[in-house]
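What follows is a group of structures, each given as C-alpha cells.
Note that chain A is present in both complexes that follow, paired respectively with chain B and with chain C.
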Partner chain A sequence: MLRRMVLAVAVSVGMSAPLKAADDLVTTYELENGMQVVVVEDHRAPVVMHMVWYKAGSADEQPGVSGIAHFLEHLMFKGTDTMESGEFSSTVAANGGRDNAFTSYDVTAYHQRVASDRLELMMRMESDRMVNLRIGEEEILTEREVIIEERNQRVENNPGALFREQLTAAQYLNHRYGIPVIGWRHEMEALDMDDALSFYETYYAPNNAILIVAGDVEPEDVKALADQYYGVIPANPDLPPRLRPSEPPQSSARRMVFYDARVAQPYVTRSYLAPERNSGDQRKAAALTLLAELLGGGQTSVLSQKLQFETKQSVYAGSWYRGTSLDATTFNLIMVPAPGIGMQEAEDAMDAAVAEFMAEGVDAAHLDRLKMQLRASQVYERDSVESVANRYGRGLTSGLTIADIQEWPEILQSITSEDIMAAAEEVFDLRTSVTGWLMTEEQEVSQ
Partner chain B sequence: MLRRMVLAVAVSVGMSAPLKAADDLVTTYELENGMQVVVVEDHRAPVVMHMVWYKAGSADEQPGVSGIAHFLEHLMFKGTDTMESGEFSSTVAANGGRDNAFTSYDVTAYHQRVASDRLELMMRMESDRMVNLRIGEEEILTEREVIIEERNQRVENNPGALFREQLTAAQYLNHRYGIPVIGWRHEMEALDMDDALSFYETYYAPNNAILIVAGDVEPEDVKALADQYYGVIPANPDLPPRLRPSEPPQSSARRMVFYDARVAQPYVTRSYLAPERNSGDQRKAAALTLLAELLGGGQTSVLSQKLQFETKQSVYAGSWYRGTSLDATTFNLIMVPAPGIGMQEAEDAMDAAVAEFMAEGVDAAHLDRLKMQLRASQVYERDSVESVANRYGRGLTSGLTIADIQEWPEILQSITSEDIMAAAEEVFDLRTSVTGWLMTEEQEVSQ
Partner chain C sequence: MIRFVYAFIAIVVIAPAAWAEIKIKEVTSAGGITAWLVEEPSIPFVALELRFKGGTSLDLPGKRGATNLMVGLLEEGTGDLDAQGFARASEELAAQFGYDSHSDAVSISARMLTENRAEAVELLRRSLVAPSFPQTALDRVREQVLSGIRSDLKDPEQIAGARLAELVYGDHPYGTPGEGTLESVAALTREDIAAAHKGALAKDRLFVGVVGDITEEELGPMLDALLGDLPETGAPLPGPADVAITGGIDVVDYDTPQSVALWAQNGIDRNDPDFFPAYVLNTILGGGGFESRLMTEVREKRGLTYGVYSYLVLRDLANVYMGSVSSANDRVAQSVSVVKDEWARMANEGATAEEVDKAKALLTGAYPLRFDGNGAIAQIMVSMQMDGMPIDYIATRNDKVNAVTPEDIARVAGELLDSDALQFVIVGQPEGL
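And now, the complex of A and B:
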C-alpha cells in the first residue's frame, strides 16, 4: 500500500515536470597503494556508513574450496593482533552502531553504520583486520560448523534452494557462477586454515578494495583518515588479474525435474544466459532490465495479465534479470501453476504467453509507465544513503565505473521498444537455457 | 569375422580346461627421486615399448586454460637444449621406430616402439625433454593453430562430438571431467607460453611419472638405464596432491536436445554418474563392467535383442562403461531409432527395455558366456605387449596399484548376478543422469 502511494506521487510529479535523477554528491580518489575511495555526502543526519568492498567473491575461488570466500567473511570477525575474537562487533555495538557483512559471486563486503564521529574508530578496526587477522585452529573448527549449519538452514532444508543450486550448476558449463556462493557441502566440510589464509592473503589488500564512506562527512576529512589508516598498508604486488573462465557456446537446451517430498507448491522456471552491464556498453542490459519488468515485473506485467488474469492457469508468473554482474548473468522466467494445471501444461502456457508478447510487441503506454516508475524509484532511492552506497559498491565491484553507474538511469530512459524486442529476440535462445520443474513425485502422479 | 573365430577358440578351450589369466611377467621398482618403473617382459621379438606416463591430464588443468595439457603434449615435440624442433620424432623414425603421445582426463603419455637395442637412445631423449624443453614464441603460435585445427576437425565438424561436449558439461556439476580434453575453443585461442610452462613445471617431474618398458628387456638392465637417465632428475618438491573437486549430490535429472542440420541419424543417449575402480575396492566397477556387456555389449545383449530384433524400434542400441578413471565416471545408454520412430518413442522404448531387464534379472547362461569371453580376451590381450603396457599405464595413473590391476580379471569372474543387479539398482538413478537427443529440427517436425 505504501509502495503504491509512493508511485502515485511519483507519477503525478512526473506529469507536471519530468523527474530527473540529480547526480549523487560523490567524490572519488585513489590512495597511493591503489585503494579506491568513494565518498557519498549526505548531511541530513549525523551518521555514516563505512564500507570496505573487496573485489573477490565466490567466483574467484579455486576449484575444490567452494565456500571459502564466505567462510573467510565469517572468520573476519575473529581476532587480530590487537583485538579479541568478537571484539569488532561488540565495539561497534558499544558505540551505538550496527555492522554486517555479505559475500556474493563477485564481492565480499563489510560495513558499519555509526555516528559520524565514530568513523575513525571504524577505519582503525577495519584496516587492522585487512592485514592482521589471527585465527586459531579451534575457531576454524567451530566457525566451520556455523557455516555448515547456515547451509542446512538456507539450502538443505529448502527444496527451492536445492533446486536453484542444481539449475545454476546446469546453466554454467565453465564459469564458477555455477557453484553456490555458500559452497557445496562436501567441500565446506574440508575447508581449513590454509584455504582461508590463502584467499585472505591473495585478495584482501588495498589494491583490491574499495572504501565507500557515505553520510555526514567531508571528502577531505575522509581522505585524511583513509590515508592514515588504509594508505599505510602495502599493495599486494601479486594480485591476480580478474579474468575468469568464460562460457563456451551453449548449444543444447537443458531441462531438469527436481522432486522433493517437501514441495507444497510446484513450479516451472527457466533461465537463459544473458549479457551483463559492461563498462561503456550498458544498453543491452538496460533493454533486458525493462524487458523483465514489462514481461513479469508485477501484477500489470504481460505474464501476470495473460496467465493469472486471462487464462487463470497461474497463481503467479514473473520474470527477473539482474544486470549488475562481472560476468554473464541470466534472464529468468517463472510460472506457478494454478491447482489442476499440470507441469507440461504450465510450461506450454508460459511459452505461449512469451510467444504472444514477441508477436504483439511492446505496449508503448506500458513502457512509459515503467520508465516513470523506474525514474521515481531511483529518485526515492536517493533518500537512503545506504542504498546509494550499495549501488556504487555493487557497480564498482562488477567492473563498472562511477560514470557508468551515473549514466545508468539515463540509459534506461533512452531504451526504445525496438531495443527491447531486439534484446528479447537475442536472449530467448533455448540453446542457452535451463528449464526446471520443482515438484513432488505425488504431484506428477496426480496429474 | 576374425574376432568371432578367436572367441570360438577361447570358448572351446574354456570348456575343457578353464582359462586362467597367468600373471603378467611384471617387475616394478621406484627410483630414488620417486619415479615408478614398470618392466613387462616379453622376449618373443627383439622390440621394446618405451613409455613415460605423467599423472596429469586435462582434469588437472586450472580453470580458464582448458586444453593446456593437450597443447603441452604437442609442444613436447619441439626442441630442448640439445635437440632441434622435430628432431625427437625424426630420430625415432630414423632408428626404425614409431612414436606417439596422447592426452586424456587423467594422464598424458609418450611412447616409442623401437628395436630393443635402441632403448637407451629413447631414455636419453625422453628424459631430456622431461626437464630441458625449450619452446619459442613462434612455435606457440603455430602449434596453437594446429590444435585449433585439430579441434575443428574432431569436434566442430562433428555434431556428435559437439553434442557429447554439451552432455558431459551437464553431467559434471563441479568436477573438471565436464570440460573437454581438447579444450573449449575460446580458451584454446588464448593459451600461451606461460600456461604451457606452468603446467610443464608443475607436473612433468620424475615423482609424477611412471616409466613403463615392455618387451625384450631384462629388469636389471632397465633399472641401470633408468637410474642413469631418469634417476638424476630431481623430484619436484612442490608437486600438488592429486585431489580434485568431487561432485555434490546430483539431485535433478537433466535433459537436453542438440539440433544440428548436419545430423543424418538422430539418436537418444543417457549417461548416469557411476563409481570408478578404486584401489582395493573394485567390485562395484566390475559389476558395472559386466552390466554394460549384458545390457548393451553387442548383438546378443539385452538392448539389442529387445529393441533391434524383437520390437525393431532401433537400428542400434547399446551401453558402455569405462571404470578405469581417477574420479567418478559414467554409465551410458544409447538408442538409435529405426526410421519412423520418434525421439520420445525411442527414449520410452529404451527405458522400457531397461525396466524389463531390471524385472527379469540376469540370464545366468548369458553371464557365463560373457565371463568366458572376457577371460578369453584377457588371455589374448597378453599377446600384445603394447596392450599389456597400456593396461598398467592406464591403471597406475588412475589410482590403482599393480596388485589391483592383476586382481581385476579374477574380480570380474567372481561377480554374481546379485552383484550386477545391485549395481544396476544403484547406478540407474535418474537424479544423476543426463538424457540427450541429437537431431535436426527437420526430424522433429517430421515426426
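And now, the complex of A and C:
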C-alpha cells in the first residue's frame, strides 16, 4: 500500500505545481532590541492575524502568587498612559476586528484578527501596552472576581478538571508545572497590584517577546512597521534566565482516587514523566509523538483495537503526548471502562494492552499510514495560517529555534520502529508515574 | 504619546472587501445535483461540505437518538470494510471525513488531497450510500452514546439546556436532546438505524458546498459519483415548533459551586424585515463580546461572571432569543437582576447612535474574517443555500447591516424585548432565587 502512495505523490508533483509545505511561506528576522519576528504569508484574503507571544507563563511565577501570569493577561485589557480601560478591545471592535489572549505554563500571548490594512493600528496599541500599562486599584478588585468566576466555570464546576489538577500536582515534585495555570483559589484571592506589576515589569519586554504576523502581508512591510513600533522599545537588561526548579529523580509511583458525586463516567488515567522537544535534540520527542498516535491516537490504534474492539472492556481508550514544552512533560494513558468493568479490572486491562504492545512491537503498515497523514497535514495546514502561526509561537516560547521547528516534519518521517520501541521502554517507568481513578462513591460500592 | 486612538474610534468603513473576491459558481451535475463551488487551486486539496436538512428532528416517536446513532455509525463499516478497515483506508489516503448531526441537519465535512481524490470520493461514497451498520459496531457506538448521555445528565450546562428546551419547545423534537434518552437509545435496533439512514440521507434535502483545487468540469462527475446513488426522497420534515414562553425562573437544584443560568424569550425570523435591526440590537445588548452592554455591566463593572452572552437562535422550525451567564451560587441572583434590568433598559430606551455605529462597524468588519479557509467557506455556502439566500448574498450582506438606524433599533427593541417574559433556568444552588 505504501508504494502506491509514494507513486501517487510523485505523479502529482510531476503534473502540477510542486507540493509546498507551509514553512515555505514563512519569513523570520530579529529586531535590534532582540524581539523575534515571524511572518506567515497567505494572500487569499485581505485579513491578518497579529500576535505577540511573551516567553512568560504560569511556570515562571514566584511561589505564593499562582495565577498571576493569567491575572495579568486579564489586566492587560485595562488602560495605558494614553488609553482608557477597555479601549484596546473597543478599538479593535470598532475596526471590525476580534481580539483575545491566552496564558499557559510557558507563554502568555495576545492576538487580534483584522483587515490587513489595520495592522499598523494593532502594532501601535500592542507595543503601547507592552510598556505603558496603568491599572486602577478598583480594577484589580473587580477583575479578581472575574478570574475567580473563571476558575469556578472551568475547574470548580467540573470534577474532571479538579481531578486533573490533583494528578498534575502529584506528577511534579518540584517543578511549577504542578501548579494550575489559573492558580490555586486561595492564592488567587490574595493577588494584588504589586504582584501583577512585578510580573509585568520582569517579563514584558521586546527581548522576551515574539511578534507573529500571519496573513495578507509582505515581510518587508511588516519589518518596517515592527521597527517603528516595537524596535524603539528598549530591551530589559535585567531579564532573568528561564531557569525553573527542576525535577529530582522520581522514584515512587503515585496513586490517587478522586471521588465526586458529579462524576457520571468513571475512568482510569496514568501519566508518566516524559522528555520534551529540545533544541537540536528532538528525536526522542518525535518517537514519543508517534508512539502516542500508534498506541492511542484513534480508531485504528493499539489501545482502541485491543480494549474497545477485542476485549470490549472499554468505551474509549487512548494516549497522548504534548512534546512542545520548555521543561519535562508527560506521556498519558486513559481507559474509560465499559459498564460492568471495575476500576481495578480497567487498570489491569490497560496495563495488559500496553504490555502486549511492548511484546509485539510496531505494525509497519500502521507507521506508514501515520507518516502519510503527517505529510498530508503539511498540505492541509496551508489552509490555516493561524495554525502555522501557533506552531511557531508555541515552539519559540518552548525553547526551540526556527530551525528546530522547520526540521520537525523531517525528523518525524525519519523515526523508525526501533526508535519508537526504545522511547517506549524508557518512558513507561512506573516510578515516574501517577495513576488516578475518577469516580463517585456509589460507583465503588456497586462494584 | 497623543491620544491617537480616538481618530480610529470614529467609525471606519472597512475598505477592501474580502468577500468581493469570493467567486461562487453554481454547478449542476448531469445527474441533477447542485453545488456551490469556489475554485481555489493554490493548495492541492478540496474541502467538501454536505448537509441533509432534517437531522435529529426526523427521529420517529419512540426512536429518539436514532439519527444521531446512525450518523455515528456511517464510518463504522461498508461492504467488505469493517470499522477498522474503513479507518485504515481513510488513513492511507490521508482523507479526513467528519460525520455529525444536529436538530436541523446531518452534516458531512471532508478534506481530500488532489493526488488521490477519486479514491477518497469512492470511500466517502461507500460510507454514505452503503453503510453496513454491523451489530457489533452498533453495540459499541451505542455504549459511547450512552456514556455521553450519562455525562450530560450530570453536567450543569447540559442540564440547563435540556430543561430550557423542554420548557420552550414542549413536545416538538426540539424539546428533547437529539442524542436520545438512556431508555430510547438502549432500545434502538439495526432496523431503526437503517430506517433513520433511509429517511435522513436523500437528494431532496441535500445541499453541497465545495472549495479548493477542483474545476467546474471536474465537480459535476464527482458529485454524481459521490451522491448519485442516494434515494431521491427521504422522510417528511416535522412542522414548526409551537414556541410558548411565558416567563419565570425555574431552578434545578444541583450541588455545584457555580450556578449556570440560561434564559429565553421569543425570537425573530431571518426573513423578517426587522431581522437586521434585531441582529444589530443583539450585538449591542449581549452578542458583541467584550463590547456588549451585558458584558460591561455584569463582568467589567461588577465582576459577577467570566462571560455573559445573548444570541438570536435561528433554527429551521423555531426562532428564540437566548442568553447565558454563570456566577457563584451566592452571586447569581445579582447577575440575573442585572440581565433583566439591561433587557428592560434596551426595550425602553433603545441604543445611542454611537452604540449603533460601533456595532455596525464590528459586524461589517468581522464578516470577512469568517471566510478564513476552504472548509469555512464551504460551510458558509451550504448554510446560505439552506437558508434560501441568493448566490450574491455575501456582497450585499453588509449593506443590510449598514442600513440599520437608531430609530429602527428603538422600535424593534420595544416590540421584541420583554424582560417580564424572560424564562430563566438556573442549575445549581442559587441563593435568593
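Criterion: the second predicted complex is superposed on the first by the 424 of 447 C-alpha atoms of A that agree within 3 Å, B and C clash if a C-alpha of one lies under 4 Å from a C-alpha of the other, contacts with A are read in each partner's own complex, and residues count from 1 in each chain.
Note that contacts are C-beta pairs under 8 Å (C-beta built on N, C-alpha and C of every residue); 3 or more make two chains touch, one makes a residue touch a chain.
Since this is a predicted model, take the numbers as computed values, not measurements.
S.K.: Any idea whether chain B or chain C touches more of chain A?
M.R.: Ranking chain B and chain C by residues of chain A touched puts C first.
S.K.: Just chain B (first), just chain C (second), both, or neither: which does A:L162 touch?
M.R.: In the superposed model, A:L162 contacts chain B only, not chain C.
S.K.: Check the residue A:V232 against both partner chains and state whether it touches chain B (first), chain C (second), both, or neither.
M.R.: neither
S.K.: Report for A:F258: first if it touches chain B alone, second if chain C alone, otherwise both or neither.
M.R.: In the superposition, A:F258 touches chain B alone.
S.K.: Using the touch definition from the top, say if A:A403 reaches chain B (first), chain C (second), both or neither.
M.R.: neither
S.K.: Please work out whether A:G436 is in contact with chain B alone, chain C alone, both, or neither, and reply first, second, both or neither.
M.R.: The first partner, chain B, only.
S.K.: Output check: A:W184 vs chain B and chain C. Expected answer is one of first, second, both, neither. What do you get?
M.R.: It touches chain B, and chain C stays clear.
S.K.: Scan A:M358 for contacts with chain B and chain C and give back first, second, both or neither.
M.R.: After superposing on A, A:M358 lies clear of both chain B and chain C.
S.K.: Would you sort A:M83 into first (chain B), second (chain C), both or neither based on which partner it touches?
M.R.: Second partner only.
S.K.: Considering the complex alone, what residue numbers of chain B touch chain A?
M.R.: Going through chain B, the ones touching chain A are 63-64, 66, 162-163, 165-167, 169-170, 173-174, 176, 178-179, 184-187, 243-246, 248, 250-259, 431, 436.
S.K.: For chain A, which residues are in contact with chain C within the complex?
M.R.: By the definition above, chain A touches chain C via 1, 5, 8-9, 11-12, 16-17, 19, 44-47, 77, 81-83, 86-87, 89-91, 93-98, 113-117, 121, 124-125, 128, 132, 141-150, 152-153, 156-157, 261-265, 298-300, 305, 308-309, 312, 315-316, 336, 338-339, 369-370, 372-373, 375-377, 379-380, 382-384, 386.
S.K.: Applying the document's contact rule, which stretches of chain C touch chain A when the two form their complex?
M.R.: Per the touch definition, chain C meets chain A at residues 1-5, 8-9, 11-12, 14-16, 18, 21, 40, 42-45, 47, 83-84, 87-88, 91-92, 94, 96, 111, 113-116, 140, 143-144, 147, 150-156, 255-258, 260, 288-291, 296, 299-307, 326-328, 358, 361-362, 364-369, 371-375.
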